[in-house]
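All chains are identified by letter, namely A, B, C and D, in their written order; residue positions are counted from 1 within each chain.
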Amino acid sequence: MEKLWFGSDYQEGCDPSILRALEATNYDKTPGYGLDPVCERAKAKIRAACRAEDAEAWFLSGGTQTNATVIAGALRGFEAVIAAQTGHIHGHEAGAIELGGHKVLTLPQQDGKLAAATLQGFLSAYFADKNLAHTVQPRMVYLSQPTEYGTLYSRQELAQISDICRAFGLLLYVDGARLAYALGCPANDVTLPDMAQLCDIFYIGGTKCGALLGEAIVARPGLLPHFFTVIKQHGGLLAKGRVLGLQFDCLFEGDRYVALGRRANALAARLRKTLLEKGYTLTVPSPTNQIFVTVDNERLARLGERVVYGFWEQADENHTVIRLATSWATTDEEIAALEALL
Amino acid sequence: MEKLWFGSDYQEGCDPSILRALEATNYDKTPGYGLDPVCERAKAKIRAACRAEDAEAWFLSGGTQTNATVIAGALRGFEAVIAAQTGHIHGHEAGAIELGGHKVLTLPQQDGKLAAATLQGFLSAYFADKNLAHTVQPRMVYLSQPTEYGTLYSRQELAQISDICRAFGLLLYVDGARLAYALGCPANDVTLPDMAQLCDIFYIGGTKCGALLGEAIVARPGLLPHFFTVIKQHGGLLAKGRVLGLQFDCLFEGDRYVALGRRANALAARLRKTLLEKGYTLTVPSPTNQIFVTVDNERLARLGERVVYGFWEQADENHTVIRLATSWATTDEEIAALEALL
Amino acid sequence: MEKLWFGSDYQEGCDPSILRALEATNYDKTPGYGLDPVCERAKAKIRAACRAEDAEAWFLSGGTQTNATVIAGALRGFEAVIAAQTGHIHGHEAGAIELGGHKVLTLPQQDGKLAAATLQGFLSAYFADKNLAHTVQPRMVYLSQPTEYGTLYSRQELAQISDICRAFGLLLYVDGARLAYALGCPANDVTLPDMAQLCDIFYIGGTKCGALLGEAIVARPGLLPHFFTVIKQHGGLLAKGRVLGLQFDCLFEGDRYVALGRRANALAARLRKTLLEKGYTLTVPSPTNQIFVTVDNERLARLGERVVYGFWEQADENHTVIRLATSWATTDEEIAALEALL
Amino acid sequence: MEKLWFGSDYQEGCDPSILRALEATNYDKTPGYGLDPVCERAKAKIRAACRAEDAEAWFLSGGTQTNATVIAGALRGFEAVIAAQTGHIHGHEAGAIELGGHKVLTLPQQDGKLAAATLQGFLSAYFADKNLAHTVQPRMVYLSQPTEYGTLYSRQELAQISDICRAFGLLLYVDGARLAYALGCPANDVTLPDMAQLCDIFYIGGTKCGALLGEAIVARPGLLPHFFTVIKQHGGLLAKGRVLGLQFDCLFEGDRYVALGRRANALAARLRKTLLEKGYTLTVPSPTNQIFVTVDNERLARLGERVVYGFWEQADENHTVIRLATSWATTDEEIAALEALL
């Protein structure tokens, strides 16, 4: 019997509009390395959606690559990046940031979120330290929206953090690997123009939001000098760069990117409701497409026979935290089938 | 009037079989990060084509990324790689190898090729140097097949270099960004099994040989420890890794990969003949899909109005070396139109 | 009025025997780069003191340089080092380890010490994590003896950690920047031969133990391949390498190195007793030459007019942790004068 | 019978004034890390000698460390340094510059010198290349004064190179590992104030010019941001930083630094004259303390029984290039003894 797949939001291909566009443009001839009209059009759509006409936009292939390349491009060798203890760059990128020579300074978090007060306290103490010159110099704050636990920063929270960064001369960089699920969430009040205004650099995730691969960086002008060369140097420049531009051209056609997140969120909300009704314990109050559930190991063993889930971490000897994720491809039937199983 | 595009072999999309496969499998659900059955099947086909059942195979996105990741994965921090002065890793990868901490030691070349005698002489002198411990330790020889100038190593030449590498304890690594055009060339006598036998590591190019993106690394077991982690650390791990595997699954279906190179080579041969008849000077005697022509600048200005070509280098004040390239997508009609223009 | 200097153990020159030896050998002619008889003799003394006749020994200039070079020399690019949250490599080396591309994984500590149980629990969970391949691979445990807080690992504690390291295939590396103060401490039961037996690599501190500069690395054979070249590559190779060897030759003449620590510890013990009698709060129960005291800020302001102390950290709004350190150069008179002030 | 030592200028200790100063100040108490009055006084003397009152000055331990740290401190990750093929950073520093992520672009040289015309031609072509964005961005020119072959740039030559650098927006950095031998050479017309005016950064060598260890960096303000931290991060910060300052305080007392070079040069000139009279072939017309002689291997074997010389390179099957060097410590008697042997 076939399993039900809820392991991640990258287990299928892509939004069908992308395949149609690949087909339609396959024999078009364009310059390489992203210097083509398709990439230009996609960038124009992104700038428009962000209401940031002078923003720089760049396309890369994946999240770790994007984080490492942005950090390398924006920081000097002696500068460091601050992240929540649960930040993706800290624990799940195989040391990519450190490979680039930069230290990740970690701070306590709550449900994946870094509190403005925590950041303020840390920075005040750090820059007051009489041994400051013997340590790395913080230059960037890294957040994720939604966070690694599917939670959201409110507009007010993001604005507070943005203010703190500016007061201390730090760049604010937001990892939007799953940004569609934030933008398409009823609980969210941070728009793309808000992001462009409050952040110095952020990226709009494609891979986990309906593309085959691809992430779109949006940056204030001047923060990423010689970034074309930096991308090439970090192995992120595709000869057929239009493959990335084309996908964002599709995803930012009309409301598609947000709609895709909205639909996945709705299915996740339905599933979350069922889980609570059946007595499951939600580990984190996430309003987006990722559901974290703490399950006792016996129950999990039975569930695992029928459902592909994401292992998150061992909660204790007898319980495991798992992730159930919906995506652009999840169907009502799959949700119903999973509900029947729970 | 539309231009004729001969600027590179990455100006179009991909072999149509790839689009069909993307379409057919779009809703299939698979694990991420290349741990899926499609990647496994593609690897099996590659191993079979190489007659190397125990070889390791890995998929990455582009050439610079592949070179930097392989070199980082195979070398210790104090080790260096040897390349021809014209080697892609030396001049055209924005310092990606040095970013990884490794020095590229360059040797003289002829038509893009490193001669066995040159290598032997260099290594003998290097390891005899009484100041050896004060310098980087050579650990790898980097070649390209075809070379950056479209020329080919013969089986005998490759075997000689392989013997020298083994005698000095060096790894032989071959960059096959355009390997299809070598394998599909009448002048070539180096087969994939030869590559697997003579090289320690090599890669089979996808991006410039009919894929949207992707390169396939083939390595003797044990040379790339923890390479999954190394790939992730270098930003080369795609969440939807199957996008790469699927393309090699298509390209290695039957004879497709080699046939694609054979056809582009035949069109290039026809074009080369016409160029010679019309009195053009071929810069390098390349038998594959890239043609290097030295053109006087006036003639080039006129040509440039109708033809997209690749700028290679300034030959002198009045002459420029340009590249004309054919690909899987070049048509007989395009060749005829270009011939009419020349 | 002159101040009393208790700010650190590196505020004076060096043990007078070193100056005499520099004078006596100034016109001797020797090969450069540490390949001289003085370095050889110093290494022989160190091997004898460690009862490790086959150990490799190397001399470097300072602690951060030694840590960064040893870690770079022993680890592959994807490997990480584990340290206590208070480990010197984590917070006080300006990101030198990350500059070399390696992540520092931090664990909770008590009085500067990493507990064996903490390490065991962390490693068990880490290697059981199903996402292990997506993270850095731990390969080394870093400890300090004495710790950054002047505390000591007992022989049993060190043996337990050593056992855990070997069970998990990790190297144990001990930073002995102030090792003289451990070896010369009545509370200590870890000898140099114990260190050589239980650790894979450790270093014997010179700079903070009576030398002008210099640290001596002791390593099991084979763990630091091509280390001469690695040292040069990291900027740690002195042309006049004998300057380092000569100092260890002096410090390891007879009992000098340990005696020097013993004397400074005795003065610190006397000072510690006085501090307790006068009602000061010792922050950490350190038995070696560093005393950490939590002082209220008003009292500290007065003290600061007469005494040079080391700022450690802000304890709270009204209290500061300071360090008072004795060294080979501290005199009974200085201690008496400080006692009078307290 | 004892050998005659002419292998290098780092085979003895140091100028006796340094030992006297170490002795006189041994019990002085000062802050660590170079933040002491001795370092300040030495910096003031250096600024005065350079007539550059606003110059930044820093002390490091050795040449490779200085080069790597300056380049890391002045360049962004995507920037490269240009050097003569014979530049020390290219062939004799074990890849230290590449370890820091920077490519060394090499140019042809004559007797160790880079010609202004060569540089001008290279830069014009490089920045005109249409593929410029795919390559590293040159940002610094590295020269040595004297060069690795003991030759000298004239004031005019240095001014031309300085002009080219400024025209192209490049920094000019000069490695003065043996600067005393340039400054103390009758053939030299480049003064310290010239250096400070024409270069952006240079260093005044100590190790090979009479110090035990130490190099003094002189830089225009603002080019090395957060350099204290950069030095620490690169392992170059000595806890007892005064050890370096003290030596430059001695060497820059009156005319000592230049006088020391002058004396060694005079002895070298005498030796050079004798070599020519006896029919030896000077490999390079060096006017400073290093003499490069091409010797047939039989003669060399005999010489080697009595004289310690520096191996430079194999000239051909039957001849070797060796280096004979004088230093602050060379005596008239040693020269006479060597002359008798030749």
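The definition used in the following text is that contacts are C-beta pairs under 8 Å (C-beta built on N, C-alpha and C of every residue); 3 or more make two chains touch, one makes a residue touch a chain.
Remember, it's a predicted structure, so these values are computed and weren't measured experimentally.
The chain with its C-alpha centre at the largest distance from the centre of chain D is A. Mean C-alpha positions place chain B and chain D at a centre distance of 41 Å. If you average the Cα atoms of chain B and of chain C, the two centres end up 50 Å apart. For chain A, the set of residues touching two or more other chains reads 77-78, 93-95, 99-101, 134-136, 229-230, 232-233. Arrangement of the chains shown, judged by which pairs touch: all-to-all, with no pair of chains left without contact. The touching residues of chain D, when paired with chain C in their complex, are 5, 7-8, 10-14, 16, 19, 22-23, 25-32, 61-66, 68-69, 93-96, 99, 207-208, 212-213, 229-230, 232-240, 243, 308, 329. Residue ranges of chain D in contact with chain A, taken from their complex: 33, 72-73, 76-78, 100-101, 133-137, 225-226, 228-230, 232-233. Chain C makes touch with chain A in their complex at residues 77-78, 80, 91-95, 98-103, 125, 128-131, 134-136, 311, 313-314.
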